């Protein structure tokens, strides 16, 4: 119980700071660089990626998924049980909302304001599917090959890039998507646009799960995983 | 004695270079990119984060807190005694001032010029509280789980991000706040604004201390800390 | 067979995401920052470098060359056999094309559109030769000194830089060059310009191979490789 | 002999690519972002820092100082002998010049063109002294505490930052300074300005040497160096 509470708290804190990074840097960027949307996204993406490195390094020994899709895949892989999954996802969703509120308040805005930023259409949904597949390959490829200590850098790098190379700017996270509905700022998403984004993320999660199982089969066959062509001649 | 003097010197040097990075890059940014405040903050934040990586890596084996709040939390956690805390904080405050003077001189400005940049109000103070809480979670989460060698990257990432996601641009450091009063440039803070910033940082420090103790209890119960759900299926 | 299929799949996935990062971030950059080509290249280069860190960390235990020149040098060094080289290069070329198509679709463009961006002339070809030499020194210098776990950071850093310091913006990769012919966007290259680029990359590959053999002779003489002047006085 | 030749070659290659990164990215930046000098410096500084990470990771097992001041301090610390120091510095100076020529040619410029960019005055010289002191603390603080594997990240971070926080944009390297006299581009320095820059670098080198000896005494007293306050409570 105590351990699980601590893990859920870590997910709450981490997701709160992650959403603060996403939302807060978006507000700052749009205020300070009003004339160039690309510069705003650069600021937003670098702040998010840098925050992820810090938060994952700091919280990983407790719990540092910050993302219900990741937690669901951990459940599907048998890494956690149902009760843990529910607690962690609860922490993520509540933490994300708290982070959005905190960001709003830090910038002198109403605590809650629903976003009017409509994000919709097949191109963006495809972006979310691909973004989530990539995120899962990056996380579980790193973890399942026994290098969990690299996840922070891999995820920080991936998200920084995926802001740019996916048309949806890579939400790839249902908890963060929900949180971004309650801020009417740069990073916001209209509540009506959120369900399709989350559905696309879940689809990407399922596809990513299959891909991870194929690329990194269980360690029961470690010879496959550790087969490393990097033998020196 | 010799060891403590060396540590205090490392705090002096490190904080001096940290403040040089903050103040100097602010001057360079405002001179070279006068038309876009967001671009200036991007330059300022990347320079500060990159400098922190370097300084913490280089000085950590001696002493690399560069921040009285961090040193106070180390004292509260019993990691250092009162005498060491006083010496380290002394090094930090003096080093910060020396760094501000050096930055002013490098850019051909008066050695000391009090800032006229007023930074005040509840939104900014909330920013400082949150910035400091996050910084402590990042530092002590990393250290208390036995991965002090990652602190440089975690703190560099965190501060780069926090410049953007907190409304106050994340001073989060009383020694740096004091130092930034003596430069009338981009990164300056009016002396009258400093006390409330420092108070907010101390409040954040207290809250962060409680959070760290909850998330990372003493290693006397290592099973809790090392409980890692990342078991491979 | 299963292992080789998995490796080829990893090359397919990794090269697809690499090309998505290159092409997709180019589209996003040119749409959001239409007025400054340098800002576009900054966004493009940071996204590419960050993606490379993530993809190499995640896929390296399976296969993470994403580049036929690298695979050919691995073959020349006796690290893989002909059959593996063919499979990996096949995965890279097909993956790259798939990534370009995916990027086009994510941004609402035709799945395939040949680039009209002519890139030609001795200055650019020299850029490709030098870019490829440097890439091979970075990869094999790191691998052959027994630090393959650093390749992700070294390659991510190198490519981010080489976008800027080579006149050709450092394609340095035949699979990526081919893929970039089928997108008529920022990162595209006209099909007629591709052969000379690929020839320059192969020339750079040969020169890089010679340089790597000279700097890092076989580990049969480990004393040479591990001779480290960093003895502490 | 063979080993020393290999080391000198590594210094040649590494310094050549470092200067290509500095000069080439400066040309690209000034061509693509002609309207904002700060954006140019951002591009230039990120490219240089990223290149340094790659080059040091790749070449460090052979030799990766790329800087006569660093080599001289290694000599003063007894890490290398006179013959090695001379060979390494020779490689650095020649490699730097080759890199400047290569950068000029890649961008379609004359192979050699003396810079007309005058950089002079006490403020800039102070910048060079401070930049070099910091560089030495970063390098030798990291190396002398037994963490040479972190030097690449520390130096990459430091130089990225020091471009911004020193008024001189942190040359901090006589070989690079000499090389930058033969390119009449963004990163160039007029030959008449070079001697004072190099003198300031040597002064900073001497001061940095003293500081390093104080902060990190010889490992003969390892208790001092490894005294780590990071005991967990």
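Order as written gives the chain letters A, B, C and D; numbering starts at 1 within each chain.
Following the convention adopted for this analysis, contacts are C-beta pairs under 8 Å (C-beta built on N, C-alpha and C of every residue); 3 or more make two chains touch, one makes a residue touch a chain.
Since this is a predicted model, take the numbers as computed values, not measurements.
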item	value
Mutual neighbours - chains that touch chain B and chain D alike	none
Rigid-body rotation angle, chain B and chain A, from Cα fit (steps of 5°)	90
Centroid-based (C-alpha) most distant chain relative to chain C	B
Centre-of-Cα separation between chain D and chain C, whole angstrom	26
Separation of mean Cα positions, chain C and chain B [Å, integer]	37
Residues of chain D engaged with two or more neighbouring chains	36, 39-40, 42, 46, 49, 153, 156
Full enumeration of touching chain pairs	A-B, A-C, B-D, C-D
Interface residues, chain B side, partner chain A - complex	36-42, 45-46, 49, 121, 123, 126-127, 130, 134, 137-139, 141-142, 145, 147, 150, 153-158, 160-168, 211, 214-216, 224-233
Partner chain C, residues of chain D touching it in the complex	2-3, 6-7, 9-10, 13, 17, 20-25, 28-29, 31-33, 35-36, 39-40, 42-44, 46-55, 57-63, 74, 77-80, 84, 102-103, 105-108, 143-144, 146, 148-149, 152-153, 156, 218-219
